[in-house]
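The structures come next, written out as structure tokens.
Each of the next two complexes has chain A plus one more chain, namely chain B in the first and chain C in the second.
Entry: the complex of A and B
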């Protein structure tokens, strides 16, 4: 069997190579320009400054850990919209999307490659943001849950954001009000995911009795959302990219 | 214009039915029980149940907040149903790429948005009377609000695209994704604890059920009439556009 696949690449390994090629293109472009991570990272840092203003009157008795998860996911949502928009605007401006469509590549391959690329950048920014956030707002608060909780919910939530976001950004770059349209489409669609992710993340941050149950309940919501919405996005991407 | 005649007849009949249901709700329907709480227990205490005027005349309090049930619920269920119709036509459009399905989908979405706005207004009046607040971030209200935002987003998306085919495709794709929220909003009161009443869990007395069904049928007729009239208008305006273009050439 191994010899057969080496001699003539099967359809699956061809798709796999196409997937890798598109993903590598995005990553190489990012490594050369460092545009996405810089702009997204800076944006999320600025969000922290705005949070400081929002919390400035809360007083010393207020425990920021109660709302830390909400603030974090908010920053990730807005940062991801910035990144998604840029990622697809690049494709559009330089005619890359058209070239991809001309090439004999399956449409779902394009979707998954773009989504994974966006997921990677989003995760990098998240990993950079969390220590900064903890340093600025959570000093001395302590972390309640098990160590693996935050990475788990972060990955699952980001998969949903990147997957649905890639579909929506592909639509919004072809409209007149690019980033505005993306915001209008994305925020309501993201609502269930963010609600579940914030619930799970809060359980992880605070810890204590019942936090594991709450974490898994939230994770169930995130996972359900990911499955349903990614299937829908996967099925509909072909129509979007072809229009 | 046979369709327009049907639409006008349906509008009149639907209007009569909903009006009839309105009167039945006040004159024949009993007090509705929501789950384990009667309406009397749920009502705020601003106006006591039995009031006595200064000259000793005793009168029963009109059940205003509860009677809105015969308008609010039919409108809400119609909004879910018509939203589903819009998504169905969106799927048909993606399958066939026929423009008529796109128009149908958009018209259904418009009709549904009218119902959604009516539901929101009547719902807020009811929560004010029954819970003492205009708004609460409660599962049903929240998911329904999200659904409203998704519908508005659908029109924002459409209006920002000039190319006709692309507008139709994107609109259809977004309608299909957005409709996922409708069953969530519909079933959420049955799945997680919510202060929004669940109506058909404990059954209803026939004096309640009859006006409700009359109102529901009437509301669907009104909805179909609005949809058909808008479709007729749209077809006419498309024809006008075609004539204009022909004259310019």
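Entry: the complex of A and C
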């Protein structure tokens, strides 16, 4: 029976079906193997412990809350690289990426589905890490900001990491030193996002006068980065995945 | 086997070139293939056979020249064309951590198949894997993987099938099963098959093509081919090196 004989769904409904199918497939495979969340979660928690050891001799005059936000985002950045590479390596196993490219799917649909999957896994790791972070670094002075500040900045920052990271992981997956290539590309590109996210997170951790203004200024930077970089990733993905 | 091709053109390749850096993987390849034909493509390693398939299946874009498959341009009409073609490769193009049924359901969603459950069940029965439908693909033998790969390629009822060394690594029993499956769909599909097995390729084909160093050395219909001369021509290309 020829292809044209079956009823064709509209382009929009087909794209939505494809998006859901890729996302569901990634989540089912992760639930089955637990490779990404386990390795990312362990790495993130161990990083927190290493930070704590590194700061253990800093003396009582030093308030670790001043640098806690930076340490947190560094941990999440490096943790995300671990997962981002794995999410694309899965697609390369037994030529699955080629099978995906053979399907009548708009490439940006693949990008958004992979990016949302990576975002979900990163957020799960962050939810697991935050209590440990609070226990190790916020015990002295406590948490100064409103409760909603941390989830807001973590979600917004993670959107940028997952979006840009998915694009860069796709670029690096066919290279010989994929881990090295991803790191070299990702760290400089993440600089503006880290700067804004660390500023907003520091305001949330320290609280006090003017912290809400500083938080929203940082959030403006994070949101601007997300919009610009996601649009750029959307526009470039077809070229990158077909290269 | 009776040839069933018509005077309509299924594959129209004109001056097709694909370069990777300075290397010309395809160099001004031109030929026409009638609808319903079975083309066997031969050539030494590095001759450009896989690149030709990748261009014709829209996975790779050509550097120069044009190709129309089922009347659609491989660059301009790529998304529409992907609905009309299927690929069976020596790589299974299946997710090892999904079951046979989950793999077919995923690809059915990607192709917008309207009757997913019925179609998946029908194909699993036809490739004799219905009893293993819930098992993870990573537990399958090479022959089972290839049968499931055929089911994946036929899910969306394509008009043209591309076979990239489909017999590679199969035992004689699995080869017989693959022969049977190809025979089942032979009458209403056009085939393009890459093969290193001259006898098998010539047995199945209605047309034959020899590529060497990215160029067409020979293209003709089977009735015009003398098997001994053909094999001698093929052997003369083996020492020609990589394109």
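Please note the rule applied: the second predicted complex is superposed on the first by the 232 of 243 C-alpha atoms of A that agree within 3 Å, B and C clash if a C-alpha of one lies under 4 Å from a C-alpha of the other, contacts with A are read in each partner's own complex, and residues count from 1 in each chain.
Here is the rule we go by: contacts are C-beta pairs under 8 Å (C-beta built on N, C-alpha and C of every residue); 3 or more make two chains touch, one makes a residue touch a chain.
On a predicted model such as this, the values are computed, not experimentally measured, just so you know.
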| item | value |
| --- | --- |
| Partner chain(s) touched by A:100 [first = chain B, second = chain C, both, neither] | second |
| Chain B versus chain C as contact partner of A:134, first or second or both or neither | neither |
| Chain B versus chain C as contact partner of A:123, first or second or both or neither | neither |
| Which of chain B and chain C A:28 touches, first, second, both or neither | second |
| Partner chain(s) touched by A:55 [first = chain B, second = chain C, both, neither] | neither |
| Contact breadth on chain A, by residue count: chain C or chain B | C |
| Partner chain in contact with A:177 - chain B first, chain C second, else both or neither | first |
| Contact residues of chain A, present in both the chain B and the chain C interface | 242 |
| Chain A contact footprint on chain C (complex, rising order) | 57-61, 79-80, 82-87, 89, 91-98, 102, 106-107, 109-115, 152, 156-159, 188 |
| Footprint of chain B on chain A - complex, ascending | 164, 167, 171-172, 174-177, 181, 184-185, 187-189, 191-192, 228-229, 232-233, 236, 239-240, 242-243 |
| Chain B residues touching chain A - in the complex, by the definition given at the top | 94, 142, 146, 149-150, 152-153, 156-157, 160-162, 165-166, 169-170, 172-174, 176-178, 180-181, 184 |
| Footprint of chain C on chain A - complex, ascending | 1-9, 14, 17-18, 20-22, 25, 28-29, 32-33, 90, 93-96, 98-106, 242 |
